[in-house]
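First chain A sits with chain B, and in the next complex the same chain sits with chain C.
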Partner chain A sequence: MILRWTLRNVFAERGSLLAATGGIAVSLLLVLVLDGMFAGEAERIVAFLRDSGADVWVMQPGVANVHMASSLVRADLVADVSAVSGVAAVTPILYVSGFVSAGGREWFSYIVGRHADDELGAPRRMAVGAPSARPGEAIIPDVVAKESGIGVGDAVSFLGRDFRVAGISSGTYSMANSVTFASYEDLADLLSAPNGASYLLVKAANGVDAKTLAERIETAVSGVDALPAGELIDRDRRLALQMGVDVIRVMTWIGSLVAALVVAFTVYSAITTRTRELAVAKSLGAPARSLHGAVVLHAIVLLSLGYGAAGAMAIALREVVLRALPQIALRYTASTLSILALVATTLALVAAIVPARRVARVDPALVFRR
Partner chain B sequence: MTEPNLVRTVDLTKTFEAGPSTVHAVDRVTLEIARGELVLIMGPSGSGKTTLLSMIGGLLRPTSGRVLIEGADVTTLAERELASLRARKIGFVFQAFNLLANLTAEENVAFPALLVGERARSARERARLLLERLGLGARQRFLPRDLSGGEKQRVAVARALINQPSIILADEPTGNLDSHHGQEVMMILHDIVRDEGRAVLVVTHDPRAEDVADRILWLEDGALRDRKRDDHAWLRDPVCNMRVDEWTATAFAEWNGRRWIFCSVRCRERFRAEPERYATAATAKAGRKDSESTA
Partner chain C sequence: MLELIKEVTGLLVRDLANGRPPHADCPLRGRASKDLGSLWCVVLRFLPVLLIRDGGRTLLSVLCVAGAIALVLTFEGVRAGLHRQTRSFPEQLPGALVAMQSGVANLLGARSVLPQNARPRVARVPGVKAIHPLAGLPVVFSRGEQISPVYVLAYDSAGGPRSIVEGRGIENPDEIVVDVHLAHRHGIRSGDVVQFLDHSFVVAGLSGGTTNPFNPYVYARLENLIDLYLAGDLPEELAQSALSFLLIDLEDGSDPTAVRREIERSVPEVDVYTPAEIGENDVRRVEGFLGAPLSLLIAIAWVVATLVVALTLYASVLHRLGELAVMRAIGAHRTDLARLVVGEAILVSLAAFGAALVLAVGLSRLVDWAAPQYPVEPFGPLLIARALVSQVAVACVASAFAVRRAVVVDPALVFAQ
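After this line comes the complex of A and B, so read on.
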């Protein structure tokens, strides 16, 4: 009966239910979106590294990043690295950070020069056009193309030279950077490094562990450092997030605080409005555990509805953002969803404790109030 | 041996701290209520009636003294035992009805039975029978908001009866009802006492409730005094003929060996100016009324 009574109370007043559920849903959605932006951006920042296909990155000694880093090694080391046991393929790339001018706007970008026929370092997905740039050509991210209003065949410029857009790639844009591909020859010419490479991307043979291979390369080839791709990705992600995405992290914390207050206040208010009825139930002989159960159930039902609504809204919002604001990536992780559910549940229960304690020590004036 | 008194309070006291002073809401109240007795507690507002009722009902712990229900000392019970006592031995009827807003009349009545572990089907069946007995057979599925004040109070009475408690505590049960429905509810309570041998303790301001009471107690400034019903008969002001409550009247006069009561000082002064005239007229009027009622 306590269960039925509580559920009736929750669902009887639709306006209150909508307000409470909506309040909780919107506040949880705020956290989900902010954290989703954070997680999405964190993934996009390292998308090129992750999608390059390399298991080991070889670079100038003392360099341990790609983001905001500069590296130069001899291009003829490709042969030395290829000779290391466990190496399946080696691809040299040139890399420089710079601004790409497109459609009257400028975009901060990693500019990557690679040989058209090389296996590694190519964009993973193409929206349109060729996956590799030949001399005089460039491949730009889809977000840059869309925001700049340019397409295949249009001109972009970087490092003081004009290029024709040969292809538009997907998954190569983040708010912190974008990745523009050019031919190896063009970039070698622009960087005046005809015999140099920034990084050597190494594909490991089947069954060879990346960490072991990196150690073998460092031992066998002098004058280079080698990092497993996973480690490089982690280092770059940390560096990039430290530099730019901290703002989103702060916003996420603020959003979480606001959400916590909204969830707690909503649950507290919803249950406080029932205090008199709970007191009546107590006067009729309902034991304290039943009253506490009713309060907890009320809080959990409200929270579950709010959480469900927040989830549905978050999924819908991700689809809308994907179409309307492609520069923003929303990524909802299982850990965020779990932590949010746990924290919100804890908050709701804590918020329910105050009215529950009040009911447990019912003021008789409440039941006798006229 | 069965405890003759269903309810007994011994030196029951409740004090509240109000800043630097102590307020004695209930002050050493000793009373006994027997089976089959309907007792009214009357008194001015703030006299401690509801506090007394709360303590007897186990909703408020006394500062000192004891409350015994069927011989068991309520004041020593733990919260869990108190809840069980309230569910099984005490029925509450409130002025504001206090029905659970989103449960039907039948569910409201069955609620206390389910709290003591009765099966839902049996509880609802008994609730239905009780509602029928109280003339609410057609209202079982109605929510409280769809019931009239009188119907709500009858549902509340049915709810108070569902666990067949020894005692029913009613706080101003007629307070929100019109005269007709108020009378109806008091008669139901009276029938419960007469037919089922339960005790009913009613806190009220309503003088009409006195018609069905076995005993009337007067609580004032937290202290209780017994009051015989006959002493409380409504009296007529000999000047203006208004009905005056002897216990609350403030204007009196002695004349011709009798105590006269007035609605106001103004009437008393007029009486004093011509006592024989008003006394004779009042006596004659009373005589006519007596003979009418005899006839």
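After this line comes the complex of A and C, so read on.
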């Protein structure tokens, strides 16, 4: 009975409902976007490593990263690594950081040199054009192409040489770790490393564990280190996020604190406006349990509407950002959505219970004196 | 005041019973004028009562609005702090000019390689008094499970650490000076031995003012690194970067622009910048990486803050509809109620702004404690002014919506309380 009455009252006061739901929604939206931006970049940062198809990365001893690292091994080690039991394929790549000049703008990028016909290390998705660069050609990320206003056939330059754009790849842009592809021959020439490779990308045979294979390669081939792709991705993500990107995480903490304050206040404020009604209900004989139930229901209704509105706005914002600011990736993870729901519910219930307890303690006769 | 309300309510009941408009000729209007000066005085008298009587809720409103404003101040402060920190290190490089590889314009994360013969050629340019070589190399520093990107700056006659906050400067071979925040992150103290560049170094001291958002600085002596490289103890990429920058002192009275032009003409492998220009270039680089997300986050913070301020003030007025009905019942005009609502909004806003400044200081300290590599500087005068003006404007707009609700309040609502 009191629950139905609560629901009717909550929806009867549309202005209050809008104000409370709106406050909760924008606060949750803030947290969703902040976390989504960090999660999106954290994924993009390691997209090349993840999509390369390699199970094990072989590199110069002492090197344990791709981001920020410089590795050089003998290219003829490809044969030695290929001979290790459990290796299905080996692809050498050259890898160097530089600035790509495109359309009058400069973009920090890692430049990957690979043989056109090799199996591993190619861009996973192409927006347009060829997936492999021939000498004199380059494949650039779609975001760089869009923001620079260039397309296939246009010129870009890096490492002091001009290249023609042969393809535009998708999923290879990140704020800290974009990847531009060139031919192995061009990069070997530019780096004066005709017989070298930065990394050897290794694909494991079916049923062979990456960690085991990495250990086998280190044992069988001298002068190299080998890391399972998962471990390398984890190390690279941690390293790359430190280079400026984790400022977004700092902002997420701040935003979450403020959002918590707003959610708690909004629920508390909405419940206190009904204090007199609850006092009347108590004076008419409603037990404390019913009053608490009414308050909890009120809080849950507000939170559910706010959460739903925040989710809808977050999805809409992601579409807007995708079109207007393609360099930003928003990724809403199930874990964040769950944690946010849990924390917001806890906060809302705590904020609601405070006025409810006050009502439960109030003298029922008091209502008639007001 | 409660007695006054009771009296007004009694008169109102009598008027309504007689079928007269509730406030058209409210007999209290004259009394109110006589007792309190004017209806505006009623408003002014009512406002503190309304706010103070519901102190807990008002305090929460103030806190909520303060939180929203502090959010904007802090987010803007993150960007301002990043810019200041990025700019400050290159700006304080000794020397009037800095020469670097042609096509390179930054210190931040840059890899500049100069030919060894660039040094004497630059030194021969008229107006150049002295040259100080620097080697710079971005590398990965790892200790245990911790990994961090760092920038090794190897110096010779100038360009070493400016501020030692723990320990001392480099005095012996195989010593380095590490940025203090990097050291804290890795649990390093002065005197510790660390593996770095595949070699063991003693941390002679920790330096301040050497943090940046991409890769904090680690100092070494140039001759020490070259000796180690020649002994085969250091990786090859160090040799490629053994001469990265030239810090240039000028003769007294020489024209920096003319000297710079002459260096670039006679040594085409180099570009020359002033330290201030390098600082600005580094800020542009940070904006290139982080400009779009920071702008989006700050824009969202402004939108969220605006909505939170507006909704909080609007909800506050809705909460007071009962009191506003009493005001109407005692004869207050719509303009009086509008003044009351706007007055409350501005009062809450101003109180909240003060609280927001305190909250912003707290959040800055929290970030400084948890992530000292990101200084938050939320107190730029322009930012403060913009936030204050915006907040008062939002308060006025929000109260305009609330006023629409308040002025149509039915005086009979008072009986529903």
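Methods note: the second predicted complex is superposed on the first by the 364 of 370 C-alpha atoms of A that agree within 3 Å, B and C clash if a C-alpha of one lies under 4 Å from a C-alpha of the other, contacts with A are read in each partner's own complex, and residues count from 1 in each chain.
By our rule, a contact is a pair of C-beta atoms (placed from the backbone, for glycine too) under 8 Å apart; a residue touches a chain by one contact, two chains touch by 3 or more.
Computed from a predicted model, the values in this text were never measured in an experiment.
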Chain A as common anchor, with chain B and chain C clashing or fitting:
fit
Chain C, chain A and chain B - angle at the middle CA centre, rounded to the nearest 10 degrees
70
Of the two partners chain B and chain C, more of chain A gets touched by chain C
Where does A:219 make contact in the superposed view: on chain B (first), on chain C (second), on both, or on neither?
neither
I'd like to know which partner A:176 touches here: chain B for first, chain C for second, both or neither.
second
Tell me which partner A:346 touches in the superposition: chain B (first), chain C (second), both or neither.
neither
Give one of first, second, both or neither to describe whether A:85 is in contact with chain B, with chain C, with both, or with none.
neither
I'd like to know which partner A:20 touches here: chain B for first, chain C for second, both or neither.
second
Which partner does A:338 reach: the first (chain B), the second (chain C), both, or neither?
neither
Pick one for A:280: touches chain B only (first), chain C only (second), both, or neither.
first
Touched partner set for A:106, first chain B, second chain C, both or neither
second
Smallest separation in Å between any Cα of chain B and any Cα of chain C in the superposed model?
5
Identify the overlap between the chain B-contacting and the chain C-contacting residues of chain A.
276, 370
In the complex, chain A touches chain B at residues 1, 4-5, 8-9, 12, 276-277, 280-288, 290, 360, 362, 364-365, 367-370
Looking at the complex, which residues from chain A come into contact with chain C?
13, 15-16, 19-20, 22-23, 26-27, 29-30, 33-34, 37, 41, 62, 64-65, 67-70, 72, 97, 106-108, 160, 175-176, 235, 238-239, 242-248, 250-251, 253-255, 257-258, 261-262, 265-266, 268-270, 272-273, 276, 321, 325, 327-328, 370
For the complex, give me every residue of chain C touching chain A.
57, 60-61, 63-64, 67-68, 70-71, 74-75, 78, 82, 103, 109, 111, 138-140, 142, 147-149, 198, 213-215, 235-237, 285-286, 288-290, 292-294, 296-297, 300-301, 303-304, 307-308, 311-312, 314-316, 318-319, 363, 366-367, 370-371, 374, 405, 417
Provide the residue numbers of chain B that touch chain A in the complex, in ascending order.
50-51, 53-54, 57, 59-60, 79-80, 83-88, 90, 92, 94-96, 98, 100-103, 107, 110-112, 114-116, 120, 159, 163, 171-172, 175-176
